[in-house]
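I've put the structures underneath this note.
Heads up, the next two complexes both have subunit A, just with different partners, subunit B and then subunit C.
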Partner chain A sequence: MGEVLNFRYTIDGDDFTRAGEASSSVKNKLKQLGLDSDVIRKVSIAMYEGEINMVIHADGGNITVSVTDSDITMVLSDTGPGIPDVEKAMQEGYSTARAEVRSLGFGAGMGLPNMKKYTDEMHIDTTIGKGTTITMKVHI
Partner chain B sequence: MNTNKFIRSVRLKESACRGCINCIKHCPTQAIRVHNGKAHIIDKFCIDCGRCISYCPHHAKIPVYDPLSVINNFRYTVALPAPSLYAQYNNLTNVDIVLNALLRLGFDDVYEVSAAAELVSEAAREYIRAHAEEAPFISSACPSVVRLIRVKFPSLVSRLLPIKAPVEAAAEIARARAMKKTGLKPEEIGIIFISPCPSKVSYAKAPLGIEKSNIDNVVAIKDVYPLLLPHMKHDESQLSPISASGRIGIGWSNAGGEAGGLLVDNYLAADGIVNILRVLEELEDEKLHGLTFVELNACSGGCVGGTLTVENAYIAAAKTKRLVRYQPVSKNHLSDNPELKNIYWADNVEYEPVFRLGNTFKESLRMMGKVEELTAQFPGLDCGSCGAPTCQTLAEDIVRGDAAPNDCIYVLRANIADLSRKISHLTENADPERTLSEEDDRLLHKYIKELTTELTSFGVPDRSGKEDPIT
Partner chain C sequence: MTLQTILGIPDFRVLTDGSPERVISRIFCCDLLSIAMSRASAGCVWVTVMGNRNTLAVASLTDTACIVLAEGVSLDEGTLNKASEEGIAVLATDLPVFDAALKIYQAGVI
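Take a look at the complex of A and B:
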């Protein structure tokens, strides 16, 4: 495996208007790398959903994006409440977002399903009361 | 690579450029650098939006376009006035006043761009209806928008409405009609566009979506505007009835005009390059839902805000609205215009990855690693003193081989401080009674030489007198 490039982002927990800044930054870097626009689209959508989830449920967190010549790995980790029922959370339309969050147009229950849909590999590691780490991989 | 592909009509008048950083900070595609005290526009990054023309306090950024004397190059000329021309005049009640004045000015015939705009609107309505599942579509009439998408938004290229711009359709119809009327050869007929912006100058020379434009020359509204005034007769009995466009066609001059002509509700119309960049980012991220059409104009206010116009964009927009108030919705139909063979694009617009760092992914990956490393060394002030708009852009320029770390005055200052520390360390410890050891003497010379190199590397403007080049 050749070169590895890492990008690190801290996601602010209480600002909806800033959610998406990290995925936007990654998107523009991937464009500069000359990656296929379909790969870029998958990464940026999956990461955006993850960013929004971190803001809604976990008061922010950290994202590391690693790019190698074979894939892009996104590791999103937070110290939030954890996901009690991962199977349920993966169902389209299932959401535990608060009413005021939904009134902003978020919390449609598509976050995790979209993250799975747009990535080639996804792994959820969650502990109630401790936090969640989601690892997603998109092959190049 | 076809060099014509990145032709631009915004140029630099070197004698006027003071090497300030206003243009580099306002350029939406980071296409300008200041090196050796003068701005340089990077062809492949420039989208001809004209923003630097508006922002340069020294008027060193100038648009290039043709002089009106080009009408002498042809046996027969047809003026194609952009609808934004009408909006320059106060209290204009009848478009024929302007169109008749164009004939008196020396044109042999006139064909309104707004007439062709109504055909484009009709074609767009049909196209969108037939391809509803592929919506949203992005307007392709503003050449700067098409160029912006071409270099920055690969995933949106396919969303561009593949229909010729109104001025192109107008040029095609005008030439065909003139040939029929006069029997002249196509090259004997001059199709002259009276344009609100320099972006159309580049378009006419190197169009996207079609191979060759039917526009022969592009002149500026601001040149034509005062020349028409003495020819404008308001006695309507003396006017030949020429005008043949309605509210939709003339409305194209304003932001929202094109979208209005589609007769759909779920559209977005954004104007001003910074605003359209934001819309394109969100469209690309699939954050905008339920849209059928996205109208984008690089200039604030729409075409009336072009840098070749005279009137304030928002006043002009209000005048357009007043002018069309009692006009019928549309006066032109595709079925009545057999001269227009094909209103759709003949070629696809291809993504041009000009911002890609390297030639291959692996090379780009390596280069980006260096960019990240360098960026971390810079202060992150984006001060522009190095001549690049941001620290990150400087890092990219360095990695591409177009700049050096010392172009950053903070890096330079640290290097100089380091060298002078080393020099004083050597000299302070020296015994005044004895000469320096050979090694210390060698080091001292080395440091002084490095110091001189550091200082001279820091772009001192070359003021040796060249004659006012325009680059």
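Take a look at the complex of A and C:
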């Protein structure tokens, strides 16, 4: 395996105007690395959904993106409320987003399903009252 | 068809002109950002009434060529500047979503 590139981002909670900046930055970096556009699209979508979830539900958090020759791994960690029912949260259309969040075009209940759909591996580690860490991998 | 044709549609006001020579792939209509995020295809024209900074973020991440804001919706100046930087065209119209998409279809997008 060649060199591993790591990118780290801190996501502000409840700042919708900046939500998506980390995903955009990763997208641009992956473009510069000359990666396949389909891989870039998958990573961008999955990370954007995760970033938005952190802003909506967890008052922000941290994201680390690691790029190797074979895959891209995203680790999204927050110290938010945790996910009470992961199985339910994974269903398309299920959302606990607030009305003001929905009025901005979010809260369609597609976030976690999109993250799973666009990544090759996804693992959710969540504890009520402590936080959630989601690890996602996209093969190159 | 290129973006240039859409920029010339009389009912649309051009707020930023993006990359006029870009080839348009399809027309896409949606207001829910998560659905747009997973369905908007690269090079599409996206017709929506959702006008906020996140609309631009989704357009940028999906490589959308052009956003058409229907029903008289607009975007703030800061977001428009960012759209210019990213080479994404933003147009505005008073038409409803369907009528706006129909205008683009009639102008020649297959």
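Just so we're on the same page, the second predicted complex is superposed on the first by the 140 of 140 C-alpha atoms of A that agree within 3 Å, B and C clash if a C-alpha of one lies under 4 Å from a C-alpha of the other, contacts with A are read in each partner's own complex, and residues count from 1 in each chain.
The rule is short, and it goes like this: a contact is a pair of C-beta atoms (placed from the backbone, for glycine too) under 8 Å apart; a residue touches a chain by one contact, two chains touch by 3 or more.
Treat the numbers as computed from the prediction; the structure is a model and nothing was measured.
J.: May I ask you to decide whether A:3 touches subunit B, subunit C, both, or neither, giving the answer as first, second, both or neither?
T.: first
J.: Of the two partner chains, subunit B (first) and subunit C (second), which one does A:118 touch, if any: first, second, both, or neither?
T.: Only subunit C is touched by A:118; subunit B is not.
J.: With the two complexes superposed on chain A, say which partner A:27 touches: subunit B (first), subunit C (second), both, or neither.
T.: A:27 contacts both subunit B and subunit C.
J.: In the overlay, answer first, second, both or neither for which of subunit B and subunit C A:35 touches.
T.: In the superposed model, A:35 contacts subunit B only, not subunit C.
J.: Mind working out whether A:104 is in touch with subunit B, subunit C, both or neither, as first, second, both or neither?
T.: Touch status of A:104: second partner only.
J.: Now for A:45: first (subunit B), second (subunit C), both, or neither, which partner does it touch?
T.: It touches subunit B and subunit C both.
J.: Residue overlap on subunit A between the subunit B contact set and the subunit C contact set?
T.: The overlap between the subunit B and subunit C interfaces on subunit A comprises residues 20, 23-24, 27, 37, 41, 44-45, 48.
J.: Quick one: which bits of subunit B touch subunit A in the complex? Just the residue numbers, please.
T.: So the residues of subunit B touching subunit A come out as 152, 154-155, 281, 284-287, 351, 353, 355-358, 360-362, 364-366, 368-369, 372, 396.
J.: Could you list, by residue number, the parts of subunit A that touch subunit B in their complex?
T.: Spelled out, the residues of subunit A in touch with subunit B are 2-3, 5, 7, 20, 23-24, 27, 29, 31-35, 37-38, 40-41, 44-45, 48, 67-69, 140.
J.: Which residues of subunit C touch subunit A in their complex?
T.: 31-38, 42, 50, 52-55, 57-58, 60-63
J.: If you look only at subunit A, which of its residues touch subunit C in the complex?
T.: Residues 16-17, 19-21, 23-24, 27, 37, 41, 44-45, 48-49, 52, 104-106, 108-111, 114, 117-118.
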